[in-house]
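Shared chain: subunit A. Partners: subunit B in the first complex, subunit C in the second.
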Partner chain A sequence: MPVLCSSCAEKRAVLKRPKTGHSLCKECFFWAFEEEVHQTIVAAKLFKPGETVGIAASGGKDSTVLAHVMKVLNERYSYGLELMLLSVDEGITGYRDDSLETVKRNQQQYELPLKIVSYEELYGWTMDAIVKQVGLKNNCTFCGVFRRQALDRGAIMLKVDKICTGHNADDVAETVLMNVLRGDIARLRRCTAISTASEGEGVVPRCKPLKYAYEKEIVLYAYFKKLDYFSTECIYSPNAYRGYARTFLKDLESVRPSSIMDIIHSGENLSVREGVKMPVQGTCNRCGYISSQALCKSCVLLEGLNRGLPKLGIGKHHRLHDKILSQQPLTEKEERKLKSVDF
Partner chain B sequence: MAAPIAIHLEFGGGAELLFNGVKEHHVTLPSQSEPWDVKQLLVWIQRNLLKERPELFVQGDSVRPGILVLINDADWELMGELDYQLQDQDNIVFISTLHGG
Partner chain C sequence: MCQVDEDYQDGLERAEVPSVSKKCVKCKEASAAVVIRAGDTYCRGCFKEYFIHKFRAMLGKNRIIFPGEKVLLAVSGGPSSCSMLSQVQEGLSQNAHKKLRFLPGIVYIDEGGAVGQSVEERQRTVAELQAVFKATGFPFHMVPLEEVLDLPSSVVVMAPSPSEPPASAYKAAVDHFIQSDSSGCLTPQYQEQTLLPEVQESRTQVLQQLIGSAKTLTARQDLLNTLRQHLLVHTARTKGYSKLMLGDNCTRLAVKLLTSLSLGRGAQLAQDTGFSDSRYGDIILVRPMRDYSAKEIAYYNYMFNVTSVFIPSLDTKTTDKASIQRLTESFVTKLQADFPSTVSTIYRTSEKLQTACRSSCTADHPDRCLLCMCALDTAVENASAFQATLTSEQLSQSKSLGATRTEIPRQIRAPVEQCCSSGGGEDCGRAETGGDCCSSAKEPETIDLKSLLCYSCQLTIKDMASVEHLPQYILSEAQKRQRRYQMREEISEFLLDDGDEGD
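Here is the complex of A and B:
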């Protein structure tokens, strides 16, 4: 017995929306999905007419859908934005080189300019080389930190006013869970923000237009619209901590689909108790990038890589930052702790 | 006795990697006394097609959370999920969402 669309009552429904439980046909689904992103953008005042916006594109499902929807909405509602694609090449053989081919196809399909920045040119290290030194447990820390900065640098090279990323509702909910599990109060407070502040040298403001879009709907949107995207798990990710939060979230979603939105809602409405020590935003003494410590995480990680101390930057070593900055040698005990790596 | 039925299976979003990278499969389910349903199809797939890591495709009686199922281009949640009774020439698509975006 085919179910009729609850919106137009004319056509056959093709999906049941996890957010609302409504059954929609293809056209009503496309409309609802696009409209909701539009409402997200308008309500949060994410863009101003005349701005140049860099769409962080990896060739994956989220960024492909983001690029497509941004283009559609920019035209439909005359946002007046100049859109560009910005891609980061982390140097992961068999993963990133393939997905970048997809981005290049996206560039043709959406007719948008594309800039690719690589870890190799920015830091002198590919992820493949990093994993050889660091192992398979903490490599995601390096990648995430470097990529954030790489996006900013690419954005500055492209001269964009803002960056938008394809983070979806599932991603944000996972991040809330991860920060609770790790006791990271500072991040817990910031992580549900739809856009970041624009202070700091070399930092470009960024936002998440897909923040309230369920991953399931992003995948089905791409499937029904036949959008071209690359879909393989990063070869280094199986040990990432996020995987546990993701599995947990997926199980929660299957029991109660609204839990994803509800977790985001919880995160957005958390307030931190008075007297809780919070990091203060400053700048890195070495490179000037935004940082809450004397040295930004990127500089600390790079220092560790270049000195053969892969654990520098993993865990808390703030006391050592001053030593590193003033180029004092580390004690033998300190060096030993920082060298040990479990593969 | 129900006649054997031809089913067209598709695997996407990375799920195809569990099936030797082959995205499309035309299969014939043998005849049996009761009609085939999706629950039985999953068991059949696990036994006959799944090349590795079954835990990445099935969980308990159902698919692993994060794998979307479409029956004739519609969300299986609209069709009765595991209880949907398969018909000849049905098209079942399994899309994994469990990868970076």
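Here is the complex of A and C:
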């Protein structure tokens, strides 16, 4: 016996919502999914009419769905937003070049302007070159830190008011778990915020309209909408420790599907004790980007790469910051510690 | 409750092999007997000293237990709480270095009825523990979990806490205690013993029905935790204790923190895992074992012959994915094996947290969860996970009011007039909910438990087939609160300050 859609009670249900367990037909699911993103945007007051919004597009499922839904909602509810696609080319052969092809197709399908900024033009290094020097361990640190800044620089070039990213509920819950496992109380407090406050010069506010959308529903949406997206894991292996948190989260979801939302609820309601030391936000002495240290992470990483001491930015070497700033040479002992060990 | 260290049995042998050649890091003389963390080798004597010092230091640092105060030790029979008991014994002994100055008592909750143990098994366990308790000379109380069915409603009402003593009060109390020659009152004057009363089989059945009405093991474990805590607090209150000591160790608390987080208890993390927990007002929960890892406790118990008893729990002999609690435990244990700093990092995270809504001194119960007694965390802003979930549920359901289908999330209501209140009488015939739908009509009033519960307890209740098996003290308190809400609504336009309860 076919199951009827629990929403319209007319058509046959084609899917069971991972988030609520309801059986829905295709149209009702699309409507519910889009409506939920709309509710999130309205409730959190993410955008103002007339703003230019850059959609961080990687070509993957999350950002493809985000671009699609943003365009649909902008028209349906007259947000009055000017949408643009913003991509970062990390320079990973066989991965990013292919996914950027997808973004270029999306650009045409959605008729949105596209800007691609590359690591090579911003930093003079491609990820391929970085991995050659650093090896496969810790390379994700470089990629992640550089991407954050690259998006901001791209956003400034495009003159957008806001960036929205495709982070979904699973990503947020996973980050909450990660920050508990790492004991990172400052990030734990920040990571559930749906948007970053405007943090000053050179930083464009960001938001996550898909914060409450389940990853599985995003895939379902993309599947039934037949969206064109690129689904390959990065060839430079994902962060191993995060993998534990991810597996744990998927297991939790299989025991109780609401777990993902429950963890986000927990994260939103945490509060930090008074008197716990928090990093103070300042600016980088070299590039002026936000940083809690004298030098921002990407300047330290870059310095390490350019000096052939890739481990400079891995782990804590705050004491060396003054030396780098005043361009003093490092001692032999320090140098030896920071060279990559590859034998 | 504390069977975590089962895995450490083989670790014992392995650890001792490399340490034979090493010297103790403390005295640098005796050869080492244990490796606590990588590189930290202790000889037998130094390990004992370190272990004992840690317990006193924890109590001394926090200054919460006053001299002469009556403290109830919740002993489950597991290694951790038994170790706690032996530490208290050690601290009260005549030759103790920094003598403890409180009056201890022991409580054991026999959960055999909920776990499905036979009467003989339960008796055997109780007899074993009774022998351990008798040997301490402390008063003890053996309480079957079935007694939770007959608790008064006052258990779920926050009792006014005695006015907060100033910081100097502790020192003054100690001085006073030392002056008034204390040696007499240290040894318990009387030997109060409550032996396990005969439990009627029908009561056990009612308890089993209650536990069984939760459809998932996650909800069953959560429910059992809540009931156990109510019974512990009630026992402390009726027997005149003001502190309740729990045996949670560091490993346990790391698991608990992650479990609570995954169950949506973020707002209560600090209370759930901190040194002290004052959610009940008059009875303060204390966790003096929170600095010890399960491994340390296992070593100590093994080396100094601290007896513990194996007590099966709801998740004994289940698979890793049987419940969220179980899954989290196996996740933390496995991660700890690969990354030895896992437990301590999670534990240190908990130290930096504080409860979101500072508990106000007033006995402002309407704003506390009916089950876990924590401040309600459901009155949140529009852009929140809680609201987003509600939106999702609404959007996935029928837009037309009359047509109700089985997919509609079960209304969380007491066993009263369910069908008539949820719009349209035709769903009385639903096979799935027919049971709790029509079996009712005992009371004319509808209780909407949902509004009285915190986010996480709502999840637990949602996993229950019906709430009619909940003990009467919970249901009647729910009704009382419901009536007060209605009353407040009726007179709301005359109330000047919306936030002030005024009672």
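Keep this in mind: the second predicted complex is superposed on the first by the 336 of 343 C-alpha atoms of A that agree within 3 Å, B and C clash if a C-alpha of one lies under 4 Å from a C-alpha of the other, contacts with A are read in each partner's own complex, and residues count from 1 in each chain.
By definition in this document, a residue touches a chain if its C-beta (ideal position, glycine included) is under 8 Å from a C-beta of that chain, and two chains touch if they have at least 3 such contacts.
Given the structure is predicted, the values throughout are model-derived calculations rather than measurements.
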item: First (subunit B), second (subunit C), both or neither touched by A:Y212; value: second
item: Contacts of A:S266 with subunit B and subunit C, given as first, second, both or neither; value: second
item: First, second, both or neither for A:D251, with subunit B first and subunit C second; value: both
item: First (subunit B), second (subunit C), both or neither touched by A:K297; value: neither
item: Partner chain(s) touched by A:I185 [first = subunit B, second = subunit C, both, neither]; value: second
item: Partner chain in contact with A:Y223 - subunit B first, subunit C second, else both or neither; value: first
item: Subunit A residues touched - subunit C or subunit B, whichever exceeds; value: C
item: First, second, both or neither for A:K61, with subunit B first and subunit C second; value: first
item: Touching partner for A:S23 - first (subunit B), second (subunit C), both, neither; value: both
item: Shared subunit A surface residues [contacts with subunit B and with subunit C]; value: 23, 251, 254
item: Sites on subunit C touched by subunit A in the complex; value: 216, 218, 257-258, 260-267, 269-270, 320-324, 327-328, 331, 335, 339, 342, 345-346, 348-349, 351-356, 377, 380-389, 391-393, 395-400, 403, 405, 407-409, 455-456, 459
item: Subunit A residues touching subunit C - in the complex, by the definition given at the top; value: 4, 6-9, 17, 19-24, 28, 31-32, 35-36, 39-40, 43-45, 176-177, 180-183, 185, 188, 194, 212, 241, 244, 248, 251-252, 254-256, 258-259, 261-274, 276
item: Contacting residues of subunit A [partner subunit B, same complex]; value: 2-3, 12-16, 23, 58, 60-63, 166-168, 171, 215-216, 218-220, 223, 231-234, 237, 246-247, 250-251, 253-254
item: Residues of subunit B defined as touching subunit A within the complex; value: 12-14, 17, 64-66, 68, 70, 73-75, 77-78, 93, 95-101
